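Note that chain A is present in both complexes that follow, paired respectively with chain B and with chain C.
Up next, the complex of A and B:
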């Protein structure tokens, strides 16, 4: 029983390692694609050619040479659009994820450690936020703010800060009850200094895991907003926009939907598996 | 007495939450520059026409004033008039609510079934290749949100292997004898199984897309608590009595393991309902969420308000029910 438990733990650890490296590998590919898109994309992602509409991918009969993954209904190169779409997806992931993390973790930390009326106000806000349908709220916000990258980022921050605040608040509360915090206070440390030097380092692993997960969520939210035609502009190469177009012509040109969908799928999976893998790493029980 | 006070407190916080939601939506949709009325009138409309309709809808007043008028109406059951449909918001919203409720409940049932089966087979095959396979499948199902599952299902079972409908709630050419909008429910009551099959075929993929992530959560948590329960003395006792593994899991362990899962399902069910918004859009399913997106695009302010409030009411009601159910089912609280 003991040995099988140790085996199982070893297996879980190995599996977690593989997950971590595979996800990191795919994300590295996406980052490279985003950075190098203007140089490695074979075509201009915005260039339309109505004579080359809905050309199948290179290995299907009737393909047009040079368009590896085929073209959409306006004759734009699917592959080049996916590469350029990576730039928008990653920008949203990093900027929106980062700001959401900063706002949510700060509020959570304050609520969990300072308690009192600060906690009451922040908790009540979280309650209200939890009663909103998040997708509808984000669509509403972007519609109000007007299309554009900044609107998407603001919408994600406004909606998802609770994801961080809820978890960080609970963790900070748990840490705040521990002896070492009391000793720091007795030693004459200020509240703010205790919060930043004692509590924050202890909840940081959780925050990092949440941030990784949030990046995946941000990519999805951008795709959903593009899907309902509210993202940057109808012309911009976004994965969600491509998927929306592909959905309408799925019976005539499956590739317009399939390739951006696979890219989005793998990217979201990679972010989430990276988060899970990091969680296992940070988890002292498994370590 | 203590229980009574707890319930009162709970109702009060719920009221505060709903008021907060109402105020936020109300302000957010009104800070947009531009007049929503101007959009709905034909190009030839005069300024006088715009002004008359603006006054009729109350958009010429200050936001707090508008809110008071609206809130007063709501307390009397009047949610205002939709700008685009020119019908009472309440009628429109209640007309679409059954479609969304049926979809959500079907998804919930599917999630419980899938998650339950995954947890039970995982427990049955613990520490073996079977458990590893279930863990991997669970991890995948958890990482990918409903929106992507919906697209994948459209491709697999709508296009590649067209088993199900991928658009709408029912085939438009069919004659519907229904008096309510609970199509699925009423088709069973009327024993119209031809219609029932058509409705299920339309609902199956969107419901499955909503169910998959929840099924993974249920599967994971239930398996975890089953695992803990399986080591308890009373389960060992059942084993020594000579009961088979299936009996031990289903009749003994499951009973105790299910409570923590139940609480979680409640919270997650509200996320599932929130997910119907985009899933209904994806499958052109004529529910509340699809109407909400149209309302946002058309800037139909009264309708947006009504729908968001209704969603908030549903969410808080689900949470309230779960808490009650937990109190009823948990023996410690019941006899405490």
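Up next, the complex of A and C:
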């Protein structure tokens, strides 16, 4: 069967639509959970009840009513902790992802379009940066900065800006060679103005995809740092901290590990799919 | 006094020092159409780019001067140069497919320069853009102004680029092989359009091309280049009556005849190429010895 260009375009658009709505839907649920956690969480996420330790989820025999996803070894409600954990996860995703994007994309854009010594300095910096093993680097950074939300965010920005800078630089270089950039310069546009009006709109789809990917990565990095006990504080409800705790008792109480893990997995997946979907929507050729 | 006067312009590859332009002099009077012809690599586009201040990073001007309306561009600061070029020059680029920004609508791509150069407000610029599109025979200008480049055909985009080049009433337009990327039927229309717009606006044109057929249709004078050196500078009528230089004669003889599609192509004879290369080498030696 021969399909025309319009059909193929329609297919991409429809598929992008499903991807976009599913991932946006899940993220909307996570955002609502984060915003409303203090009101909708059935229990206090920090409240311990040693008589109710390791209670299974509601549909398993021996469950305690009111604890839908069971309790951990200290008797804290898993569901409430996941809801509260969403606050930290999303804060890290948005703030760390956003700042990383801003720093990395700006440097990448400058290096790729202005070239010359600016490019030399930034590119060398990227090369040096990328030679550090990222996880060790982040653990080291948080160890130095001390635990806390701000140090996690700083660690993510410091490590991941190269991800944006490299890709945006390459894209900006490609765009810079186009005739419309030459035309803008003949028309007397300044370098900065050309960069913002001619180059930026064309690398924006890429930046958006990278940003959503980065948000997912930020959630994972936060989880990794919680896992090695370098996140906020030991009893604060974070998904990574829950996974770390659940790991030690996975044979007796699988739910303590599995539910935060599923939430984390779905959220990271939703971020990356959202990026793909948005890119298709933003691309003027596919629009 | 010519509007554009290029005197002894030399350009070379940065670092390597390989010469790209060897002592090029030419002039374009106000309202005149000057053709710039030569083979690939003869430096014809390079001259256009040097005039517009958009030489690639790897190329540097190593001598000579470019006088635009009497002012030596090399002596101006980067900012002054940009403003001066922007106010009086425009470019019709070679490939209409990469010459419009794919993520912006057509309207701002035309009106930007009216706002930047002439300081008009958006509404006035937009109505001027609409008139310009009508002037280059684009039906339904309002729809086209709202469109993205990918929604338009190559010929349509080249018309838009022509309209946009004439928008701020520049004194000089550099047309860098404006018909090369188009198919033959569209080429003819676009050529006619450029000639028509040039005549109506009285704009000087530096027309870079490798097609002598195009030169015969639109140009007043022409410069033949080989290896970044001027081989011949003459008016079009006497060139087609009989070129002075052996290389020009061979180039003219090598032009395919559309009237006889079965005739075999005539290459430029080897001996002529060797002779002109020897001339280039001799010019380089003269430079080397002072």
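The rule is simple: the second predicted complex is superposed on the first by the 265 of 287 C-alpha atoms of A that agree within 3 Å, B and C clash if a C-alpha of one lies under 4 Å from a C-alpha of the other, contacts with A are read in each partner's own complex, and residues count from 1 in each chain.
Here is the rule we use: a contact is a pair of C-beta atoms (placed from the backbone, for glycine too) under 8 Å apart; a residue touches a chain by one contact, two chains touch by 3 or more.
This structure is a prediction, so every number in the text was calculated from the model and none was measured.
With chain A as the common reference, the superposed partners chain B and chain C fit together side by side. Contacts of A:250 after superposition: chain B is touched, whereas chain C is not reached. Within the superposed three-chain model, A:189 lies in touch with chain C and out of touch with chain B [touch as defined at top].
By the document's definition of touching, of the two partners only chain C reaches A:179; chain B does not. Centres of mass aside, this uses C-alpha centres: at chain A, the angle toward chain B and chain C in the superposed model is 90 degrees, to the nearest 10. Counting the residues of chain A touched by each of chain B and chain C gives the higher count for B. When both complexes are overlaid on chain A, the residue A:269 reaches chain B alone and has no touch with chain C. The gap separating chain B from chain C in the superposed three-chain model is 15 Å, by closest C-alpha atoms. Of the residues of chain A, not a single one touches chain B in one of the two structures and chain C in the other. Listing the residues of chain A that touch chain B in their complex gives 4, 8, 11, 15, 124-125, 127-128, 130-137, 139-141, 143-144, 216-217, 220, 223-224, 227-229, 243, 247, 250-251, 254, 257-258, 261, 264-265, 268-269, 272-273, 276. On the chain B side of its complex with chain A, the touching residues are 13, 16-18, 20-21, 24-25, 28-29, 31-32, 127, 132, 139-140, 142-145, 147-148, 151-152, 154-155, 158-159, 270, 273-275, 277-278, 281-282, 289, 292-293, 296-297, 299, 304, 307-308, 311-312, 315-316.
Interface residues of chain A, counted against chain C in their complex, comprise 115-116, 178-180, 182-190, 197-198, 201-202, 204, 284-285, 287. Interface residues of chain C, counted against chain A in their complex, comprise 52-54, 57, 82-83, 85-87, 89-91, 93-95, 98-104, 109, 112-113, 116-117, 148, 150, 161, 164, 168.
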